[in-house]
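For clarity, chains are labelled A, B, C, D and E in written order, and residue numbers in each chain start from 1.
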Amino acid sequence: LGGNGDDEDETSGEDELADEVNVAIYGGAMGDGISETILDGFEDEYDITVNAETYPDNWDLIAQVQAGSTDLDVLILDDTAVPSAVSDDLVQPIREENVPNLDEIMADFSPYEQAFDPGDEIHYGPFQFFGDGLAYNADVLSEPQSWEDVYTDETEGSVIYTSWIDRVVGIAASHEGLSVSELDQDSDAEMEQIWDRVESMNEYVFEWADTGGILQDSFANEQALAGMLWYGRVAALQDDDVAVEYTIPEEGAPMATSGFSVSADTNRRYTAETFIDYTLDPDTQYEYSSVMGYAPTAEMDEVPELVENSPDYQNRDRLNFWNASLLVENMEEWSLEFQETIGG
Amino acid sequence: MALVLSLLGGALVIIGAYSVITPVPPQGDVSFTLEHYRRFFGTSYYLSVLWDSLVIAIGTTLLAFLLGYPAAYLLATTDSEHKNLYLLMLILPFWINVVVRTYAWRLILGSGGLVDWVLYDVTGVANESVQLLYSRGAIAIGLVHVFLPFMIIPIYVSLASIDRSGVEAAKNLGANRLVAFTEVTWPQSLPGVAAGVLLVFVMSFGAFVVPSLLGGRANIMIANVIGDMFGQLQEWGLGSAISMVFIVVVLTIVYVFNRWVNLGDVYGMGGDSE
Amino acid sequence: MASASRQSQGELDESESDVILRLDGVTKNFGSVTAVDDVSFSVRKGEFFSIVGPSGCGKTTTLRMIAGFEQPSDGRILLSSEDVSRVPPYDRDLGMVFQGYALFPHKTVGENVGFGLKMQGEDPEERQEHVADILDLVDLAGTQDRYPKELSGGQQQRVALARALVIEPSVLLLDEPLSNLDRKLREEMRFELKRIQEELGITTIYVTHDQEEAMSMSDRVLVLNGGESEQVAPPYDIYHRPRNQFVAEFIGDVNTFPGTVEAVTEDDYHVDLETEATGTVEVKRTVARNEFEVGDDVLLNVRPEDFEIVETGHGEDRFTGQVITSTFLGKRTNLLVDVGDQQLLVEASGRIEQDGSKAEDAITISWKRNQCILTDVDSDHVN
Amino acid sequence: MASASRQSQGELDESESDVILRLDGVTKNFGSVTAVDDVSFSVRKGEFFSIVGPSGCGKTTTLRMIAGFEQPSDGRILLSSEDVSRVPPYDRDLGMVFQGYALFPHKTVGENVGFGLKMQGEDPEERQEHVADILDLVDLAGTQDRYPKELSGGQQQRVALARALVIEPSVLLLDEPLSNLDRKLREEMRFELKRIQEELGITTIYVTHDQEEAMSMSDRVLVLNGGESEQVAPPYDIYHRPRNQFVAEFIGDVNTFPGTVEAVTEDDYHVDLETEATGTVEVKRTVARNEFEVGDDVLLNVRPEDFEIVETGHGEDRFTGQVITSTFLGKRTNLLVDVGDQQLLVEASGRIEQDGSKAEDAITISWKRNQCILTDVDSDHVN
Amino acid sequence: MNPLTALLHRIEISDRTADRLLAGHTILLFVFIYVPILVVALLSFTPQEVPTFPMPGISLEWYGELVPPNHNEQLVDALFRSVAIGILSAIGAGIVGTIAAFGLVRYEFEHRLLSRETLNTVFLLPLVVPWIVTGIAVLTLYDMIGIRGTFFSVVLGHVLITIPFVVIIVSSQLYGLDRSIEEAAKNLGATELRTFYEITLPILAPSIIAGMLFAFTISFDNFTQTFFWATTGTETLPIVIYSMIRTGIDPSVNAIGTVIVLFSLSVAFLGERLSKRILE
């Protein structure tokens, strides 16, 4: 089948750019940031219409794709969701020759190097990374060095974390000085340690929120004096003159990347790849990270000031990736354990 | 019409099938299994969430009824010409997205919120900061707020259709206002009460947004568990099984309730209730 | 102009000791509508008192004020000489039968009837006996466990009656209780009602728009018109000596002849009629309710049944005319007779068709002097 | 046993050319209830035909089958000699006035009345004219723009009538159109209806439970009872020569004396009454509708108005008795007279109270031989 | 008299007191309903990105997000799309629900399985089945019949979930409808169809509209199912708002809510004024 004749539509036009591309992104502030920099930039550069569809999080997106609803070409994913997306055939391999900017990614985050994209083929191109570090109200607390430092009389009932199970286990593990990259699947003792920690954290926690919005609001109106919040949101709160600071404790913290994958049933594969390539372009990343404050994955000589000040960027060595397959395997069990721990 | 019905039937068949096969969604070889149900019934946590949801739904329904009935009564018996406007005013706030409204409740109920401000900062009734969020009570308040019109409107309709001379007859026979109400008005308003109670109960039993925003993780309801199964946890089989159990539980309750107050009445069929 | 004698023969003496209910200048306004306008009357213990009048004349409103469902805008209502304006309906000790019965649809007949007793705190067993007794009285024994909708209209009406009666109220109020029944049943119920009323000797106030009903049952009748009281009198007086033209016309059919009082003798009025067919007519003074003077414009009314079909002949009390229509009604036949400048409604025996007088026939009719009604020309008409 | 002569004098000859509607053995079952049972009759063009009977006897069902809202379970309905069982209601060319008027509450009077014309596709201007004309006819000119609820009951009734008339239907069906009106208004409307019917010469089928109404307006009357046809005849016959005891009792009050036929002469039946007060009575054979033989048990019925109060005296047609109650009805007074083994209802003139006869008085009454009704003892009674 | 009745019997409440109590209760109820709405409205004027109380000042910034040229296109587009879907679904549910109500009330069901009770339950089902379940399952069906992701499929789905409201409200009025009015129309020459739209429909209009109002409300506010059914270009307002939850909703959403409620309240007030004008 050649590139001529009556088959000359988008499907067979393997190496041709389509007129438009449908991209799934997160909603809210991050969505706005992506939209303003990456999407608009891509549209301008390639004269392709980008249709953005926003999602609350990874799992909603995956559920929708699983159920069959999508005319999406490009999906946004966090690395923790990549293994299940790959094993459920929701995404297809990226043809490396079409995405030369994959090589720009620092080794730390490269899908070639990291366990989150198992197998020989590449399915995912991360464009930012961020830690699940510790945010705190600077009026009340001085900069904590350790996770332990935030548990004071004052913060009892004023700590907030998320209920996402990877974060719950990851942060509790970090408290114990365990790295989520190296959790021992077979060690009951480790897990027991983690659940005991969750239980003791729970005494200070007023809410395990399931949306980032609640995390952010809680810090903004000072209900939360300490807990989890991403650097990008902290930076935004600081703009609103909220006395909130962000740090990575010395025990370390879990980290994640966000990136794009090519949808398994797209018929604009080449365009999708071109888009991903664009997102990985250091210039694009520079632009994006200067707005959002999340650190770029590309190797670059100079990072924006906002990123420069980012504890995520400064303490990259304290951040650990998840052992994603371990996570996927145990999620339901952990989730149940977590609910029972906090619900009793 | 047939399209709509078959849509619903089809949906039920699919969920029913998902609850007894593996893997879900089906890929390659599919085999029959009762594992999903075994997991559900074997886990006391799921059962306790189901039970707690039931309790919250009943509490919400009761609260909505207690708040809604007198208002429906007043609206049904008033001679005000603005009656329709008042009824409309009950519904219009609900055109603000439920998330936005529920967020507003967070600001009212949370510590540092409106209630706290009034009770602690201004009046000093409370001697420490008041935190009403993250409790079953907060869920109930939020749910009542969301579902109140569904309680009020049916009760209003049924009260408005009662012949007022019955109350006068009762008074003439020596009943004071309260007795005339309990003996005459109340029993005749039961069809509307049944409709309202049914709607609010069913909808609050399956509530999703309000518990997750107001109740906190420790107080999630069954729909949140189902949501997790289809979302974060990717356990569609278990999610389908929980859904099937939930549907059966609701339908059983609805059925028992209907035996008690004749469903025909709910639809205004009137007639042979005993 | 006639000087109407305002002495009202139907009214009771204020001091009369057995007055149980008295309305004293009672007025009721609904916004700008005056539903009842300065109405006064008294009802004696044991009396059967009816209120009649056209639709919207204020009958129901009057009854509702007595029952305590409305407050008079002005005037007083006295029950057993006590002003009841501050007494709520449930403390007035009045039984009421509502126009639409107002039975409790969700209660059985037994529960409906027993409701008042329950309110009085009577214990269930006694109550059951009482209910059974009263159901017996209204001929509904054994229907205790049925629901109102399982009964026919007439039976429902009797349940409503039993419910009002069982509490042995001092006064029974009835608002058009028979209006929903068919003619046959209505007549039966009328009879029944009267029997029960007499058996129990209960004071009864009865609202109806059916004149015949009011007359057949009542000791006295109040005629209301546009909220105002037109006359209070026993049925015979209301029918034969109405105070004014409104009452005359409302309470039955009349043939009206305008005229002028020509002379007044000790016994008679000489009335000069304006019709061609007859000249001056002498009317007994006792027949007229009001006093007239020479020169007063009056109306002379003859009821259809007061005409007689006679052999041909002449005279001032005779008319010869043409039958225009003849309507067979069973008991009687109504003839519409054209007597030149007027059409007269004449009631004849029901067998007249067989007897001969059919449409198109010429007949002669006469009426008796003392069987006519003389009213003031300025008084209201039925519109 | 009496051999009733089944020749029905009210029925029309099948072949008669001006029959517009014919029911032929029509039966209607609702589940196990037989609402109408093998009813047959024919209606002539221009005729005013009434259907009467007690509540639930099948009047409305019969009318609804004619209109096409119900299908007969058995039998045929012919309109202008054409079987209409397959013709939907909107193609039957019948006007109908419903019991509750069934006016369209959301349309003005003009739109209500014009609805039928609109369905016929008449253009708006012509329609307006037509509507105005017919509203004129029913005396409602100028009410076009009002809504039904803004009219009084009587006016609504006339709108319903106008709505049915304006399409000039071949037959007009009326289901108790006057039952919701008060007595005065009902009598007026009766007259009005009859006038319009005659003016337009329109065939009319009129359902009522009011016997007097049926008789006063109709050319012929059908009496239904429990779904079955009891008699079809002109009013006079129905009243004075009822086919059986049911019709006699339903169509008016009767005083009934059981007896046995003792002898049959050319002109008379000799009936031996079982009452003590009277012995054998001779009744003209022409008076009885059915033929009787010697030994037949019969009922002899006398209508209250067929009694006469006479001077004291004796004889086989006289009763002397005690007045138990006397009910003043205006036109007339009903006396309940105790004559020993029976109580008789006697109708006297309305002035009797003044004339003397009051309760407790002894009076003598008589009746005329040829003014009685003889029926088969086995026929139905009004229950 | 049972003890409760006996107790109540002893409580004398004058009509005035009772009316006041009721009025007081109802006013409190309206306060309860409107307090969160007021909070939403207040927050729409905050100058902050993450609103807190007390507000540090007043700003119209978030209303700027709604009006061109600097408007948040996604949000505003979604608003108009939601209104369109809401209206179409309300119309759809109005039609289907009315027909269903007719079937329920008018049709004589003889079959044991197809009884009125069964059908009543069937029409309640869309309420009973957890929303996420209908969301996913119906989506799977859409995928099978190939209408997934279309605007039509979203409307169709909304019709499904809003039908119960129309059915309940319409069937109760239909039950009380005097059938002789329809028969009168047929008697005057109107065919079945003509009778329906000339007579039945206008008379049922109030309850159909009430049912449609509920339907619109449900559709306008629905997230769970719509999330699965909608796709690029068919996202509704709730979906856009939900997608913001992950990182925090900005007050432009409050501004939208405020505009919606103010707009609909004024339409309601005006409507009431107008209808009174017309009636008088």
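One rule holds for everything that comes next: a contact is a pair of C-beta atoms (placed from the backbone, for glycine too) under 8 Å apart; a residue touches a chain by one contact, two chains touch by 3 or more.
All figures in this text were calculated on a predicted structure; none of them were measured in a lab.
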Third chains touching both chain B and chain A: E
Chain at maximum distance from chain D, centres defined as averaged CA atoms: A
Contact-richer chain pair [A-E vs B-E]: B-E
Per-chain Cα centre nearest the global Cα centre, belonging to chain: E
Mean-CA-position distance for chain C and chain A (Å): 91
Centroid spacing, where centroids are CA-atom means, of chain D and chain E in whole angstrom: 55
Centroid distance [mean C-alpha coordinates] between chain D and chain C, Å: 27
Residues of chain A whose C-beta touches two or more other chains: 57, 60, 63, 67, 211, 213, 217, 221-222
Residues of chain C engaged with two or more neighbouring chains: 119
Sites on chain B at which at least two other chains make contact: 25, 103, 107, 112, 175-176, 179, 183, 230, 236
Chain-chain contacts as defined at top: A-B, A-E, B-C, B-E, C-D, C-E, D-E
Residues on chain D engaged by chain C in the complex (per definition of touch): 54-55, 152-153, 179, 182-184, 209-212, 215-217, 235-236, 239-240, 250-252, 303-305, 327-332, 334, 347, 349-351, 353-354, 371, 382
In the complex, chain A residues that touch chain B: 57, 59-60, 62-63, 66-67, 84, 88-89, 157, 163-165, 206-211, 213-214, 217, 221-223, 331-332, 335-336, 339-340, 342-343
For the chain D and chain E complex, residues of the former touching the latter: 67-69, 88-92, 94-96, 98-100, 102-106, 115-116, 119-120, 163-164, 167
Parts of chain E lying in touch with chain B, wherever the complex brings them together: 4-5, 8-9, 11-13, 15, 18, 22-23, 25-26, 29-30, 32-37, 39-40, 43, 51, 53, 96, 99-100, 104-105, 116-117, 120-122, 124-134, 136-138, 140-141, 156-157, 159-160, 163, 167-169, 171-176, 210, 213-214, 217, 220-221, 223-224, 237-238, 241-242, 245, 249, 253-254, 257-258, 260-261, 264-265, 268-269, 272, 276
Complex contact set, residues of chain E against chain C: 1, 5-6, 9
